[in-house]
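Okay, structure first, notes after.
A, B, C and D are the chain letters, set down in written order, and residue numbers restart from 1 in every chain.
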């Protein structure tokens, strides 16, 4: 059975992967993971540079955000992560970055249209952009309300079929079955965001055949998946 | 005389070259090579990360796709490669990537117009984009039909004069006399795709003198070629 | 108490950071720092390549620009730095680069609109672009007048709330409490400039909720800041 | 007095610098240098990969293009280099690349407008794009006529004040007092080409004050230059 130390190691490695994949500069990102049995979350500390950060800098909190283990303050985005773990029971990790092209779509306030198989291999539809947050949401429990707006936008959809979102005027959040998968989905989102900007420049009216979308998504997901070694 | 082990080595090296040239992330690409005398194809295994992959992970199949040697499942795109080897007798290698700018043209559903000598040094005309696939093609033998649509699009042209294509809403396939040359043509296609996006931004109506096209193509191809050391 | 050698070391390291962050090529950038007690400024020498440059190549000048220590000529932009130190009493470092996307906005003669939290975390408003310089400003004490135009543009604003500017048809200047913070603000400015170009391509009319701007700026600045470990 | 071996070394190093600066992939570029006293030119061999190339692979030719020393064929662009050495007596090196953004302007058939000091520090005006070559020029001594079109376009201008050009539908050529300076001007041209594409996206009508152009050019060139350590 895996321990909290294993989860610390996984979350630590996933945070460093953000840097390795070029998704964060300075201190602009954070990854967390959850141990559902113990009801504990491990997350990056707030404002700590990736360079020099160690596994033991990871902060362990309970689902109310109370620090259970660790000498540092948890990420200022912790409340958002917690809402997502409560709203999406199937997920095991959450990642937040300011990756360049995903931010551009978020700043533009636009969802990323599903126009290619690269996106359809991971997302069964457009990558949604959230609505504007209301003044009272911003001025009360901001990070908590941020999580609520994400959950509201995903709504009844399967969060593993839409494993990421653009927070309007802000940046992406992604998730997955593990911290590593959450980061992988950040890599995918940034790359399809980049392909999407370029596609817009070449053909603003591009569309994709829905049969092709379903085919590609089902090559990798669900009972008839046949991609990979299983 | 070269052996199947030599071909495994060449295909393995060519797959790693995709990473080295920045043409693939995660597991988004595959290269194969053919031994025409033995009627055998060597191809990357499905969904296996490049990092840690060894020469012996390469899968040997016959022209019907039956695994002859190897412990892993071949690439999920294998059937597409096989159609191309049957349709284009002069080729010895096939490469598939999701390189960023080539995908953008594919998602836009547009051929890359021949507007410069960089492209004319390798392609004698526009780099074609395939038509939409029909629902019955998508829902039957999808990867096999994908190969058929590529072959249909190339038609009567010499595949070594148009050594690559954009699969609509998907990504590029390229080919060449060897696995290494197929990868080199993926490098060329991505770079001319990138130049092409930028050219569109500067002058949507740019054209190229057909005499200049022919001159550059013939500097490198055919009986009067004089580029290089031969 | 810190010494001039400490400041030389900090300025030297900050200049090399420009290269490490990809903000300068060739000799296109310079960083300085000030020792307010001693009334001395340390700055990069003019036209010296970063590769091979040593700490002792840094030039020490007084606030009139007279060389106090060092064998080399100070940066040709020295007079601009000096005006900024006199106009903005709270700053301890100044950086100048020709980073690609910031230059594009400067060449376009446009301020970078505040459209996302990435910018709002560091800048409380648009990143301003200066006015055209007048012929007599250009032909007299050009670098001194350049500083004056920057100070005029910032005007009554807190320079640490708008820690950078675009010099029209030229390039960015940034500043901060230290040479290192000035460089970090150059990193931020280049990244938000890049996000801004992409946002323009997706939605020229994008706007941002002013409540969200204030919230993000105040998460990191002022009495109620709660980002980081303090 | 410098020897032909010194020139070989300088030309060899300058060719590798093209790779180091990201200006060439595959075999898409070449640099030469001239020894005016001996009337000899040293140039990269044709189609030879940079990786593994040695100093002794450099080819020595006379001004008629006859190989004087070296086992390999000289670059297929040799005749263009020779025309430039004859037309521009002040130059000592020539570089040719297919760098991405410069090619985009060449494919668009557009000169790069002078809109910023980054360009004005090296070029006293727009970076010109050549006219279309005529069928008879293309089909006769193509590379020689290419040089003639470049010389015709520069015309009476000082080639060291306009140290590069865009060959329409092809790619840039640059030159300088030495092979190293020619490469440095290729670096500058690619960077200002990149800035120029981005500027176009932000403001197609951007202009630059001619007084500012002259000021910046004269900071680095001519009797009143004050940039650098001399």
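The rule is short, and it goes like this: a contact is a pair of C-beta atoms (placed from the backbone, for glycine too) under 8 Å apart; a residue touches a chain by one contact, two chains touch by 3 or more.
Being a predicted model, the structure only gives us computed values, none of them experimental.
Asker: Which chains are in contact with both subunit C and subunit D?
Answerer: Common neighbours, subunit C/subunit D: none found.
Asker: Going only through chains that touch each other, what is the minimum step count from subunit A to subunit D?
Answerer: 2
Asker: Same residues or different residues where subunit A meets subunit B? The copies count as same if more than half of the interface numbers are shared.
Answerer: different
Asker: Averaging over Cα atoms per chain, report the distance between subunit B and subunit C in Å.
Answerer: Here subunit B and subunit C have centroids separated by 46 Å.
Asker: Find the geometric centre of each of subunit B and subunit D from their Cα atoms only, then give the gap between the two centres in Å, rounded to an integer.
Answerer: The mean C-alpha positions of subunit B and subunit D differ by 33 Å.
Asker: Among the residues of subunit D, which ones contact at least 2 other chains?
Answerer: 201
Asker: Classify the inter-chain contact topology: is it line, ring, star, complete, or other?
Answerer: Per interface graph, the chains form a ring.
Asker: Each pair of chains that touch: what are they?
Answerer: A-B, A-C, B-D, C-D
Asker: Considering the complex alone, what residue numbers of subunit B touch subunit A?
Answerer: 25-26, 28, 45-48, 72-73, 76, 98, 100-101, 103-110, 132-133, 135, 138-139, 142, 169-171, 197, 200-201
Asker: Where on subunit D does subunit C make contact in their complex?
Answerer: 21, 115-118, 184, 187-188, 191, 194-196, 198-199, 201-203, 206, 208-209, 211-212, 215, 219, 226-229
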